[in-house]
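Mind having a look at this structure? Questions to follow.
As written, the chains take the letters A, B, C and D, and residue 1 is the first residue of each chain.
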Amino acid sequence: MRREIPLLITGFVGAVYIVSFFIPALGFVETVTTDWILIIQAFAIWLGALNLLKINLLKLSTGKKDRVYAAVVIVSFLVMAGAGFAPLLRDGRDYQAAGSSFAWLFDAFYVPLNATMFALLAFFVASASYRAFRARNKEATLLLLAAFFVMLGRVPLGDLLTAALPDGWRMSSWADVIMNYPQLAGQRAIMIGIALGIVSTSLRLVLGIERSHIGGE
Amino acid sequence: MPQLSFADYAAIQVGALLTFGIVSFLYKDNPFYKLCESIFVGLSAGYWFVVLFWENLVPKLYDNLKHALAEPTTATGSLSIEWLYLFALLLGILMLLRLVPKLGWLSRWPLSFVVGATAGLYFITYLQSNALRQLQATLVPILNFTDMASGKGPTSTLNAFFKQYLGNAVILVGTVSGLFYFYFSKEHKGWFGRSARVGIYFLMITFGASFGYTVMSRMSLLIGRIDFLISDWWPALMGGWM
Amino acid sequence: MLAGALAACLLLIFDATAQEATAPDAVVTAKDRGSDAGGVIELSWAAWELPADVARFEILRGTSPEGDFETVAELPGTDSGYVDETAVDGQDYYYIVAALIQTGGHPFVAPTAGPARSSAQWFNTSRLNQFIIGAVISLAIVAFIWAARSGRKLFVRKIAGLEAVDEAIGRATEMGRPILFIPGIQDMDNVETIAGLTILARVAHTVAEYETTLNVPVSRSLVMTTARESIREAYLAAGRPDGYSDDMVHYLTDEQFGYVAAVNGIMVRQKPATCFYMGAFYAESLIMAETGAEIGAIQIAGTAQPAQLPFFVAACDYTLIGEELFAASAYLSGEPRQLGSLKGQDVGKAMGMIAVAAGVLFLTLSSLLPGVDLFRRLADIVGGLFQVN
Amino acid sequence: MLEKLLALDRRWIFLLVIVALTLPFFLNLTCKSYVSPEVRTLYDAIDKLRPNSKVLMAFDYDPASEPELNPMAEAFFKFAFTRRLKVIILGLWPQGPQQADRVLERVFADSVFGAMNLQYGVDYVNLGFQSGNEFAIQGMGSSIERVFPRDVRGTVTGDIPIMQDVKDFSNVDFVFNLSAGYPGTVEWVQVAADRYGVRLGAGNTAVQAPLVYPYLGSGQLTGLLGGMKGGAEFEVLTGFPAKANKFMVSQTAAHMVVILFVIVGNVAFFIVQGRGRKGRGEV
């Protein structure tokens, strides 16, 4: 029973969902299930949050050197959650209102942390290009050449180097052609492959052949 | 520089400190980074905890059930569709039973629901938007003789030249050989292997090109942070607050 | 199978042309929208010849041709159609469309259109081709699963990234360092995440046999719960139930970059010997893979996010490209039934390739020989097969 | 020595990247670039508008695209204000209108524009964010006030002087859309330009721009600024060279650092490989 019912649920829900796509009267299935998933996620995040708090409380109690960081995690979490739930006290819903402490925390902490972490990519694209773009073999050479021409074609230098060629035949045009033809073709093969992979995986799930998400055989 | 309020001033200073803290990771792991990391994890977990409550639970569950209680039946006398959300409530509660060791297995029900719905949704959407749309886009004549005969289509630029002559053939060969590479049930030997090889070459050009294409926009993200430090933070540091 | 699908599409195309016939003198047409759940009538006045300076249109609706018309909509002067979504099924409606002129002159009024009656269809015929293609691929997959179950031997080519899984786990064991597994940053409502977790289950099985430490930080609570289930069962199946602990899987934060910040920390502090990235990844892919490369870990990645594949290919030792991610769990399981499904996928690919080749051939021929109508028609049939709406 | 170069500590790369990006901020460099036709088209279209014409600016991006799009917005504001145009701001991305405020703050910090004494509500207005994506645009086709009932300051739209004779798109002389994705330029083209015949120009991130190029050729789009390069060109053309030019130099410099490293890495690799071949007869 512990395994059969979940398998039945997956199969039934998946099958109904697929069928509803072809039957106009079942159009509501999509909206309702989308909402339900959002609701399940909203319940489940309590499990995650409690897990985060538990792990950091444990770290705090072990008395190791970096327990201070565990304390920081807990305090940050509670401060943010506290600020966000404050409207409950006055029966409001505008938790992100301008001027609220939640909005201030978001602007002062969340935005710069997020933007800076994202910006680290500027460094990592540089170091990854240095290591990866070497003409080790035929494949790597193609990778290198495509990247090289597209990169050069996107800064004025590329056109400058090929200034002798007529307008429309300079390096920025090479870059465009690489993007518009071979790049597009490769992308298409990948996307079609993915679609078939997903169709097959979905089918395995609906048929109950793939069941490791509920704990395997 | 106009004088800032204390709240704005403090936000800028905090932002700058956090920026430096995260960037310091590039040199090596250090307590300053660890501090920023811990703040980030705690704060953002709290943020999403709150957002999911206000954006999912309240409008989707609470409001719908409230509506069902207020208007239990529709004008035609049948039960309101909002009553269906009782099932969502049930599934949510089953999820939380994970916290009760003896009843934890019941949380597989909502999980199976999510997995089933996802499988169904992806089956359809990917068949549609990835497979069929992409195949359809590949349906173009290798050479458009009609256009060529009528003298249409300028070939004065490289792009136009490809559009007119080579482009469609490249796309066709690339797409089909790429699919050869993904073929699982045949060993990549002989002519089949050679086709798959061509497919790999196309994939490599694809990866190189899209990598190179992205470099510039990644640089602009960092420019944004540097600009924040130079145009916002430094003047604020010098200017103080009201 | 292909022939069957083609025949069905032929039918579809001819069927569609038959439906489009309307009275020749009607300026405004009103008819039920097909393939829907009812309640919708479509109006079109594309054939109506009007001066260029129409300011706006007014749409009036009534339930009898003689009387009581009410305004249901006002539209900009550039429109040539309207979708009335407020119809009641089975009720006859009559429509009057009035074109108001910018200069304020007398409006043009079209003759009353109707009666039109909305109704619900039980099957969405505009998606028939998708139904057929979906069904054919599904049948192929099921057929091969069936064949595999009854003992037919199936060949599946080697996938380099997966051949390396055992070696990578073995290396971590030798070095006495942990294994890091990242199942992407999306939730269970993404098939890539599910595929990532099925791979996790196989990896965990091997890890349990090697008695190595496994660390799975996650960014979604549902993923946490599911990953725990999978790993526990894998340890049980490997005969080491006591080796499992819930702490192997721990939640960090739902925030993309907050999660990466923490994973980076874990990497440089615990120095895992092997890192797996299997699931849906976005901009964080390169941040993690570069940090992993810096600590010298063997890295095996797999994702179906085309935009992130270049970064994994550049920074990881092995990358499962798109479809390979979905094949991985079947491949690693070695179960005949699962392998059968891979064969089914290939049938889909073969069909796609043949159809595209044929379509392109027909189109090229039709452009070469514009006088021969046959090729254009054949090309239209192939195009109709892939029609999406 | 070369082997060392091949296994270079990546922190040297990081250092060079940050130097390349930061240095241009302190140098007075401009990237010499000729003006692309699509930038010129946008300039001409605005230049031809009569004083007091209404221009609608849609801010459809979030802080991640700030470095690319804010300079375009700034140059556009300055240009519009010097031509005495009236500017109506709105956004289909939640954080868009805030970006407009940040840019305006910078514009007015410039003494020239500070001295113009432009009045909120008379010379410009910020109607804020509205959800609904392309449906919001469609709604504006029949009534802007219905889609944006109040401005960001809570004033009823109908009471704002600048909005007095603005009912729908027909009262707007030009729309300038700053876009980083969906909803964005594609939707503005499809709904505002195609259905309501609005004259539309756009500024896009470098990643986004190729997707909307086709609309230029067909005339659905009157001018396009693509990425920092487009922004820099527009700044030069309007006579307000500012951040985009500076950023452009930074971006190009960092790009060059990456390309340089790729070349150096390959040269070193080939030399080392060549040596290995001579020494051991095998690589």
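Here, contacts are C-beta pairs under 8 Å (C-beta built on N, C-alpha and C of every residue); 3 or more make two chains touch, one makes a residue touch a chain.
Model, not experiment: these values are computed from the prediction.
Asker: Measuring from the mean of all protein Cα atoms shown, which chain centre lies nearest?
Answerer: Chain closest to the assembly's C-alpha mean: B.
Asker: Give the chain pair that accounts for the most C-beta pairs in contact.
Answerer: Pair with the most C-beta pairs in contact: A-B.
Asker: Taking each chain's centre as its mean C-alpha position, how far apart are chain B and chain C in Å?
Answerer: That pair's centroid distance is 14 Å.
Asker: Using the average of all C-alpha atoms in each chain as its centre, how far is it in Å between chain A and chain D?
Answerer: Comparing mean C-alpha positions, chain D is 25 Å from chain A.
Asker: Roughly how far is chain C from chain D, going centre to centre by Cα mean, in whole Å?
Answerer: Whole-Å distance between the two chain centres: 32.
Asker: Where the centres are mean C-alpha positions, what is the separation of chain B from chain D, in Å?
Answerer: 22
Asker: Touching at least two other chains at once: which residues of chain A meet that condition?
Answerer: 18, 21, 37, 40-41, 44-49, 52, 111, 113, 115, 117-118, 120-123, 125, 127, 129, 131, 133, 143-144, 147-148, 151, 154-155, 176, 179, 187, 190-194, 196, 198-199, 201-203, 205, 213-215 - these are the residues of chain A that touch more than one other chain.
Asker: Enumerate the residues of chain D that touch no fewer than two other chains.
Answerer: Correct list: 10, 14, 17-18, 21, 63-64, 206, 251, 254-255, 258.
Asker: Give me the residues of chain B that touch two or more other chains.
Answerer: 22, 25-26, 34, 36-37, 40-45, 47-48, 52, 95, 98, 108, 111, 114-115, 117-119, 121-124, 127, 131, 135, 138, 172, 175-176, 179, 182, 203, 206-208, 210-211, 213-216, 219, 221-222, 224
Asker: What topology does the chain touch graph have (line, ring, star, complete, other)?
Answerer: Looks like everything touches everything, fully connected.
Asker: Would you mind writing out the residues of chain A in touch with chain B in their complex?
Answerer: Of all residues in chain A, those touching chain B are 2, 5-7, 9-18, 21, 28, 30, 32-50, 52, 66, 69-70, 72-81, 83-85, 93, 95, 102, 104-113, 115-123, 125, 129, 133, 138-140, 142-151, 154-155, 167-169, 173-196, 198-199, 201-203, 205-206, 213-215.
Asker: Would you mind writing out the residues of chain B in touch with chain A in their complex?
Answerer: Against chain A, chain B makes touches at 7, 10-11, 14-16, 18-19, 22-23, 25-26, 34-54, 56-58, 60-61, 64, 81, 84-85, 87-89, 91-93, 95-96, 98-99, 105, 108-124, 126-127, 130-131, 134-135, 137-138, 156-160, 162, 166-167, 170-179, 181-182, 199-216, 218-219, 221-222, 224-225, 228.
Asker: Under the touch definition given earlier, write down the residues of chain D that touch chain B in their complex.
Answerer: Going through chain D, the ones touching chain B are 11, 14, 17-18, 21-22, 25, 63-64, 66-68, 109, 205-207, 227-228, 243, 247, 250-251, 254-255, 258.
Asker: Of all residues in chain C, which touch chain B in the complex?
Answerer: 130, 133-134, 137, 154-157, 188-191, 194, 222, 225-226, 229, 251-255, 257-259, 261-262, 264-265, 268-269, 306-307, 309-311, 313-314, 321-324, 327, 342-343, 345-346, 348-349, 352-353, 355-357, 359-360, 363-364, 366-368, 370, 379, 382-383, 386-388
Asker: Which part of chain B faces chain D closely enough to touch in the complex?
Answerer: 1-2, 26-27, 213-217, 219-224, 226-227, 230
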